[in-house]
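The following pair of complexes shares a single chain, chain A, combined with chain B in the former and chain C in the latter.
And now, the complex of A and B:
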């Protein structure tokens, strides 16, 4: 039967998912309800304290809010910068096309830490960006671009831009040129045809690209840690510290589970959205 | 042609893509209310002409004139033309209603006026109840009708159709042909129709333009073009014909005598402009050759003994290949109702002088794809 064969093909992935995702996440669930006593460790007992703290303590709420805001802003920035780029790459007949595509992917070939240190050099108080801004007279005093939202935004946008572009190219390429031409012959100017036809028809790409970048952003660790420093926390750096600095596994588990739930809810909502708008190419 | 100014006039249009000249000095006129088709094999430039008229392709030289107004440099969306694509090019994210309303909305037509106009045109193409559907929920024929309705609703000055029936299956295509023609007669819209299908062009057109290699080969009414092709290419492209080469022997009372290279000679109708001794080509359509022992009283000028070397039955016709005394083979299409002749049967073939198409020159390799 085709059904059985279909499941057979999925088996390796299902096993991998089970061992590498469901099992560890599942094991975190009981851990997150155990009380942690400093200098003693995880004790037996039951508490929902870590969860209530997460949703009531302003320190945690700020970090959660910051993480979500960062995810949204980075997604928006990569979309705004990436869409024109993907549009160009999808449409150009230039013989440089392949080289330009490689250029888009090129940053991914460099080590993440190296790339991030590059940004530290650029964004520092007396870094290249500040020097340029001051030389041009845009600002008098150096702007703070490190260890704050702006720094993370710049660094993460740069790192995740290739993902957005790569995801967008396919769906844009799939839009038949005839359909755009039809809109123009029917009286739509280039801009109007773009807004009413091209953009809605690239919705599937925009949606999947946005989910990808959002999820990558809110779970990114290395870049926020290096560009945010030890004090400017996001959820992933918080979880990291909880597990490896403070050894408070229960708190870390609760935070990690919350992050996982946030991602799952988002993926689910976008699925609903995709069906709702009928966005399918 | 009528004295009225042409609805559409194309003057010495030229377009090349890189080193390839796609359209070379093409000029043509479409009278108001006329159904004009551009016919030719793929790559002959017919679609490029249409796209230049629509404004989607910019010509290198030449003019597009719409009812006396030069629109060569007018932006696509300001031309007020209709264009129906081979791929239909419907907006997949909109309902049928929204698809059809698109052009009216871009023209700022108010919702109150829009609704009845959209419904009227959907009624016209017999899609009345399907307005709320999405294109993907419709059959190919229905999608084609939406495309037609979408183009017609804005009452375009000229409706351009780029192989609109090519994606339909044979039965539906025949149906849509009739529907299209009747629609055109009813609305009186000037239509320019691009096709590679000679039968389609013959059936639909008031006049047809046969193109090859970016140039116009012949313009005329379908009967004219079919009966009196101007070039060997047109003769080859429209219907299946036997091509024979020879020399013009002389002009007699009965017509023109051509001495074929094999030794036989055929009589053709009078054809001015050719001189004796000139190399000529003779084309005789399959269906114009009469097969079988005609009565003794047959006075057909061209009458040859022949042997059947191949026979196949194709429904409305029998297809034969017969061999003449000089060894040359001819293809013959006989009415399907006639009795079949077996392979090897000896028979007589004949045709009248009026059935012979006489063409100057002897190029026998003129590229004719079927």
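And now, the complex of A and C:
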């Protein structure tokens, strides 16, 4: 009885997600096996060519490798930069605490294109970063910071840092201070108490924050496109060009499905890992 | 100074540096938008409001702002209707398969936006819905409804179900009890969900860019294509307006509903 009425309330959401999400994504599977003939379009044959190309052609392998390398380095950077900030926000008793958390959320809510635009102005040949580096005498000639790995790494780290911090705050807050104090009383230095008690106890947060940032990084479109241009490609910009420039929808579908599988496998693995450590993802 | 004090200061310096890093591009854009030069330069040369005038006098920008606002409003209202009902069912009713629905509801949060975009591009082409406002609004509901559900569920969890039962015992019908007792209590969650939903829709590029039809243009896609075309201070000016609006909106949300509790 209550179950049936519950389903009635869930119906709009379920219909929405079935019709405008699951079905369209599922329909990319048959498309990805259709041969595409330039100037003719999608033909009615069957081919696994787009998948074999993705895992054998060096052009695609380089893009996939670059995407994964970016995911890994951005995750590490946000973790190293963000952990101390999350630690501070979790422990501080400052009356500004809530407003400081809001300051972390602010860039997150600010339009992504706007934030990326700021980095274009900063990282350009005559941008502020190069001006500062030259004024300080670190470099003589302007350094190339756009349309390469460094530019994407800086931009994406900035974009996804707030996610890492927000995910870390809760788990760090949940660590009982007594456990750390106990380690100190038993003679551990601050450093070893941190490394052997605090850090391992915040592992669930580190795990879910890392998976989240990794997944968001390999899926990002706007920042890699604007900071990498049309030539320095990652998987999502490749999919973008396939659908809007080259109009090769079968190839684009295969690439989109590969990206989807990568994301889903990671999320699934993080669930398994989290259960292993007795924590929630 | 003791070692503990030193650590405390080092941590504060680090925190200040990280906040500076987070705010750097925001400050840079705001400064650049007041420059008199026709190219982007920091620090700005001279001081002018001319680029703000240029943006607000450009019919393309004005149209894009209006279109984005209406789309975000429609998507948010739709997501609120579907999302509040779903949250209520998931928290208060024992629905068989509820866990599966929850998982499905979270999927668009981690799903690559570009994949949702291209999947709908192909799907709408097949069912002849490409370039329609309805198609675009449905796509935006898919990506915004999870935010509404998360915020509303968090709010509902903190409300005693007995309150609604009490209203029922006193003779209120189910809908009356819900709308007069439960709904006012979960208003902060609904407000936070609506705000998230509006911002997510208003900011979206990776889904919108594949689905916009002739004569349709959202503000972020307009800025995105303008940047690809060439960087100039009018882009900084429209960006500065968005920074100011986002900042004011967030500050207001924090004052009124304690927004930090929902992030």
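The rule is simple: the second predicted complex is superposed on the first by the 253 of 281 C-alpha atoms of A that agree within 3 Å, B and C clash if a C-alpha of one lies under 4 Å from a C-alpha of the other, contacts with A are read in each partner's own complex, and residues count from 1 in each chain.
Operating definition for what follows: a residue touches a chain if its C-beta (ideal position, glycine included) is under 8 Å from a C-beta of that chain, and two chains touch if they have at least 3 such contacts.
Note that this is a predicted model, so its numbers are computed, not measured.
A.B. asks: In the overlay, answer first, second, both or neither for which of chain B and chain C A:200 touches.
C.D. replies: Only chain B; A:200 stays clear of chain C.
A.B. asks: According to the contact criterion defined above, which of chain B and chain C contacts more residues of chain A?
C.D. replies: It is C that touches the greater number of chain A residues.
A.B. asks: Which partner does A:103 reach: the first (chain B), the second (chain C), both, or neither?
C.D. replies: second
A.B. asks: Return first, second, both or neither, reflecting whether A:120 touches chain B, chain C, both chains, or no partner chain.
C.D. replies: It touches chain C, and chain B stays clear.
A.B. asks: Could you say whether A:179 touches chain B, chain C, both of them, or neither, answering first, second, both or neither?
C.D. replies: first
A.B. asks: Go through the superposed model and pick first if A:222 touches only chain B, second if only chain C, both, or neither.
C.D. replies: After superposition on chain A, A:222 lies in contact with chain C alone.
A.B. asks: In the superposed arrangement, which partner chain does A:188 touch: chain B (first), chain C (second), both, or neither?
C.D. replies: first
A.B. asks: Output the chain A positions appearing in both contact lists, the one against chain B and the one against chain C.
C.D. replies: Common to the two interfaces on chain A: nothing.
A.B. asks: With touch defined as at the start, can you tell me which chain A residues reach chain B in the complex?
C.D. replies: Going through chain A, the ones touching chain B are 176, 178-179, 181-189, 192-193, 196-197, 200-201, 203, 277-279, 281.
A.B. asks: Which residues of chain C touch chain A once you look at their complex with the stated criterion?
C.D. replies: For this pair, the touching residues of chain C are 3-4, 7, 11-12, 14-15, 18-19, 21-26, 28-29, 32, 40, 42, 81-83, 85-86, 88-90, 92-96, 98, 101, 104-105, 107-108, 110-116, 118-123, 126, 138-139, 141-142, 145, 149, 199, 202-203, 205-206, 209-210, 220, 223-224, 227-228, 231, 235-236, 239, 242-243, 246-247, 249-251, 254, 258-260, 263.
A.B. asks: For the complex, give me every residue of chain B touching chain A.
C.D. replies: 54-56, 75-83, 85, 87, 89-93, 102-103, 106-107, 134, 150-151, 154
A.B. asks: Using the touch rule from the top, collect the residues of chain A that touch chain C in their complex.
C.D. replies: 2-3, 5-10, 12-14, 16-17, 19-25, 27-28, 31, 81-82, 84-85, 87-88, 98-107, 109-115, 117-122, 127-128, 158, 161-162, 166, 190, 212, 215, 218-219, 221-222, 225-226, 236, 239-240, 243-244, 249, 252-253, 256, 259-260, 263, 267
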